[in-house]
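Okay, got some structures for you below.
Okay, so chain A shows up in both of these, paired with chain B first and chain C after.
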Partner chain A sequence: MRRLVYLACALLMIAQPRLSLAQGSGPTPELANRQLADPAKEKAASQVMHALRCIQCQGQSIADSDAPMAATMRAEVRQQIADGKKPDAIRQWMIERYGEWVSFEPDMKGSGLLLWAAPLLLLLLALFMARGLFRRKS
Partner chain B sequence: MNRPWLLWLPLAVVAFIGGLAIYGLVVPKDDMVHSAMVGRKLPEFSLPPATEGVEGLSSRDLADGKPRLLNIFASWCIPCKAEAPYLEALKKSGAEIDAIAIRDKPEDVAAFLSEFGNPFRRIGSDSEMGVQLKLGSSGVPETYIIGGDGTILYQHIGDIRAEHVPMLLEKLQEAG
Partner chain C sequence: MIAETGLAALWLAAAMALLQLVGGLTLIRGEGRLTPVIKPAALIQGALCVVSFASLMWLFYTTDLSVLLVASNSHIDKPLIFKLAGTWGNHEGSMLLWVSVLSLSGAAIALLEKRIDTRTLQATLAVQAFVALGFFAFLLFSSNPFERLFPAPVEGAGLNPLLQDIGLAFHPPTLYIGYVGLSVAFSFAVAAMLTRQVGPAFARAMRPWVLGAWIFLTVGITAGSYWAYYELGWGGWWFWDPVENASLMPWLAATALLHSVSVLATRNALRAWTIMLALVAFAMSMAGTFLVRSGILTSVHAFAVDPERGSFILALMLMYTSLAFLVFATRIGTVKQGEPFQIISREGGIVANNIFLSVILAIVLIGTLYPLAAEAMGDKISVGPPYFNKATVPIALLLMIALLLGPLLRWRRDELKRYKYWLVAFFAVSLWTGVAIWRFVPGVGIFPILGLALSLALAIAAWVPLKGRNLLRTPLPVFGMVIAHFGLAVSVFGMAAESGFSRETLTALAPGETTKVADWQVKLDDVRPVVGDNWVATEGQLVARNKHKNFVLRPQSRQFYRPEQQTSEAALLTRWNGQLYAVIAQPDENGDGRWQVRLWWKPFVTFIWFGGLLVAFGGAIALLGRMFRRPKKPAVNKWAQA
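Up next, the complex of A and B:
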């Protein structure tokens, strides 16, 4: 019985459609998967890549995603870091193309501000609701 | 209980959360990533021809004074096949269409054009998707309206269907 289950699993794995077929084929940009020679620059690039959202597989960062578009975006980030651009300027460069959506670190303005302020607001609300507990019994 | 209104607070909270849930169900979700480049000048680029017998595409070709459509497609993309007749219809109505082929091979592009027709003036090959990234484009197919001065005026995400043809023609007309 167990063997049958294993066999079924193996068949299912083989039967999986090749996703790469649905993404065309082309050269992967050189810097997509090759680290920068300077460790400090690579570290900066890596931080930027972890904070940018992949356009194709929307929940992942471009550092984690294997999608072709993520590869292109990684190469762009590394190239701009190598050219001496500041991480924040690169983040802005991406936002200029895809909007706030592309960043995992929303700016402190508009609805983003609410997001940042929410913990503080909730804490104040909790203190207000619990204020009776701090009062000395008379 | 000296504050009877407090009794209603939990109900209000639950009603608010329920309202959010209903809102999420009723209002259609927009999963598309829109380009933030609309209203701005095309980025500079120069792409080689996507296959034999066609001309490549550069940003300068798109800023020669005449508004036109820029179609982002690929031979491996199924909705691109579905929109082919409507691109043909747009061309017949007088629209000039340039194209960028994404991650494609010359022989595949040639086969695609011979099967589904070639409504394009020029076709550039963006094999590494670098130009697609600069355009703020998130997938295939997409169709942009480019003004005569090379400004990106409009982005249509997804395949062009019959109902989009008059809208695109109208916007193209408005462009000049």
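Up next, the complex of A and C:
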């Protein structure tokens, strides 16, 4: 049994570089805790990182987490920003890999539409309810 | 023996609550034979809860490991203050604290409240006992804090190291007093509906209790935010995390209630709405307790979670809330909406306050529960800071605009043109600030700009209600209001400055190397190991330099044992205009002797919490004024009568 496990590990280790080759060059792990040189790009990356959930932790964004998984994802975000990818495309890329759960900002479509419409609807509802309180000017 | 005493006291307290409730029921049936028992029972119930809670504290103080709760949450090596704080740093203990505060507030009503008629007071105590009974049942049947463990272990399991912090020793009790204090408003509201006494007298009696609970909530949230800021080590001060939302929602409801209750007290208007808010506020408290205690939502703060117990609290919450709304629905027909008023009036301003706060509350509630609803439908989605910020900040800004003028207006009816110079002044200040930032500091978002602009206008506007008053004869609550509103301006200024102007440097430094953040030169002098009571740490010595002045910061990366966990202890350098926030993390991956260092310069960030404390301080001043009100001079001359 143990041998099988070793074998599986060994196979994985061999397979790993090929996997990353197939994905194109992966991010440099240093980017997890290093800023991009260009402040504008770093700012864009930071916004993306704050809007992505660390899926290993409880309710933290990947920008605010010490978890290894979050570090990998930060590196990925910075790398893709450095490669000139648009923030929204990166978000979609993450959602494709980790599911809707990873994004802190639900899309404005389908069930998310109601969520985004809620503030305006609530405000209108409240104003409608309050109108009876006021006395008309005579 | 102590554990058994505590448990017995808890059972007896529950019996007292039952007695109180039965007494109250005879009241409703009209005969009122058992009503004399209500007041003494409330007092004894409070005393018994004190005994019970003190027993548990004693068990934690002596680290009695034959008690399951102590064994699984404490450790013989822990510093004394955290042994004591361990009493409420866990599920059972915190629920015992919850019930004790509930009973004590019941006892306090019985002892202190002299402003409402006897029947309403008795009904209030009965409702309070009814609420307490549910939570006694919860403790005794599913969360007994005094359960024994046999055989007793040699050492305990320890307390989550994140919780071993002085701020956290006092944060949960503060919030709980606030949460549970709202139960008093709830009981008052239900009782007043039952005895048909909804009116100014009832509002004046309820107001100090709401104010008191609200002060504790304000302090609790402020302290919790600061705790998250320095303890979690990433420089954020509000994460829109479910547990934070759970504390924010009762606060929003209580803030709205605080304002509407003063309309009811002064002008006998907004009756049904005030009752509604009192019910909602306590429902939100229970929902908060449920969300925190059930573990149904994942959260940075969810330390002690258990789904089964969650369903018990959920059942209690649904029962109390639905019963309360049932009373509301059947009795509200008899409660008239009250005196009319025009839109441009003090009442109108407070209605605006209530509308905006309620909408924010609803957004937070929907956003917090949305993932649950979606999951039930088979969608796993997250709703986080980007949504909450975009959805609530615009409404909070509208609230601030309303606040510029609201406190100046007269009751019943007023004219905007009386305030045209003030309006122009506020507008000019806001516009000037906004344009200056937009023009000279590139890349600041629209929300921070608007926040700064409006907070400066509000910082002035907050004091205007004092204009033309004789300050010596101004009632304390007016000062309280002015201070609280000014505190809000200070807090919003801090929030906007922090989110608009923070500077961040993430780097790796070898000892001797220097980096830069904002105007600071920061040098890593040395890294060395440090040993604490129940942890070991790597401590970095950073020297921050700003215009010829040196400051030393010592952030640590701590490794706790029992339970094993790694935490970052940030080092903060506080200047009047902001904080330098330094964190040292693991050695760099390359293994070249560098250390990961995270630095932030956060301008005016401390204003957030100073502002919060000012708000609470304003509340305290107002509370003093409400409690020790100078008796009004009798309208008729005494001598003339005689």
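A few remarks follow.
The criterion applied here is as follows: the second predicted complex is superposed on the first by the 105 of 138 C-alpha atoms of A that agree within 3 Å, B and C clash if a C-alpha of one lies under 4 Å from a C-alpha of the other, contacts with A are read in each partner's own complex, and residues count from 1 in each chain.
Everything that follows uses one rule, which is that a contact is a pair of C-beta atoms (placed from the backbone, for glycine too) under 8 Å apart; a residue touches a chain by one contact, two chains touch by 3 or more.
No experiment lies behind these values; they were computed from the predicted model shown.
By the touch criterion defined above, A:126 reaches chain C but does not reach chain B. By the touch criterion stated above, A:37 is placed in contact with neither chain B nor chain C.
By the touch criterion stated above, A:56 is placed in contact with chain B alone, chain C being left untouched. Of the two partner chains placed around the shared chain by superposition, chain C is the only one that A:66 touches, whereas chain B remains out of contact.
Legend: residue contacts after superposition of the two complexes on their common chain; A:76 is shown touching chain B, with no touch to chain C. In the superposed model, A:99 makes contact with both chain B and chain C. Using the contact criterion defined above for the overlaid structures, shared-chain residue A:118 touches chain C, although it does not reach chain B.
Ranked by how many residues of chain A each touches, chain B and chain C are led by C. Residues 29, 58, 99, 101-102 of chain A touch chain B in one complex and chain C in the other. Only residues 232-234, 236, 239, 241-242, 269-270, 297-300, 302, 337, 340-343, 347-348, 351, 355, 358-359, 362-363, 366-367, 370, 374, 377, 379-387, 391-392, 394-395, 443, 504-508, 566, 568, 585, 588-590, 596, 598 of chain C touch chain A when the two sit together in their complex.
Every residue of chain A that touches chain C in the complex is listed here, in rising order: 29-30, 33-35, 40, 43, 46, 50-51, 53, 57-61, 63-66, 99-106, 111-112, 115-116, 118-119, 122-123, 126-127, 130, 132-135, 137.
Looking at the complex, you find that chain A touches chain B at residues 21-29, 55-56, 58, 68-69, 72-73, 75-76, 95-99, 101-102. Contacts from chain B toward chain A in the complex involve residues 31, 33-37, 74-77, 102-105, 127-130, 132-136, 138-139.
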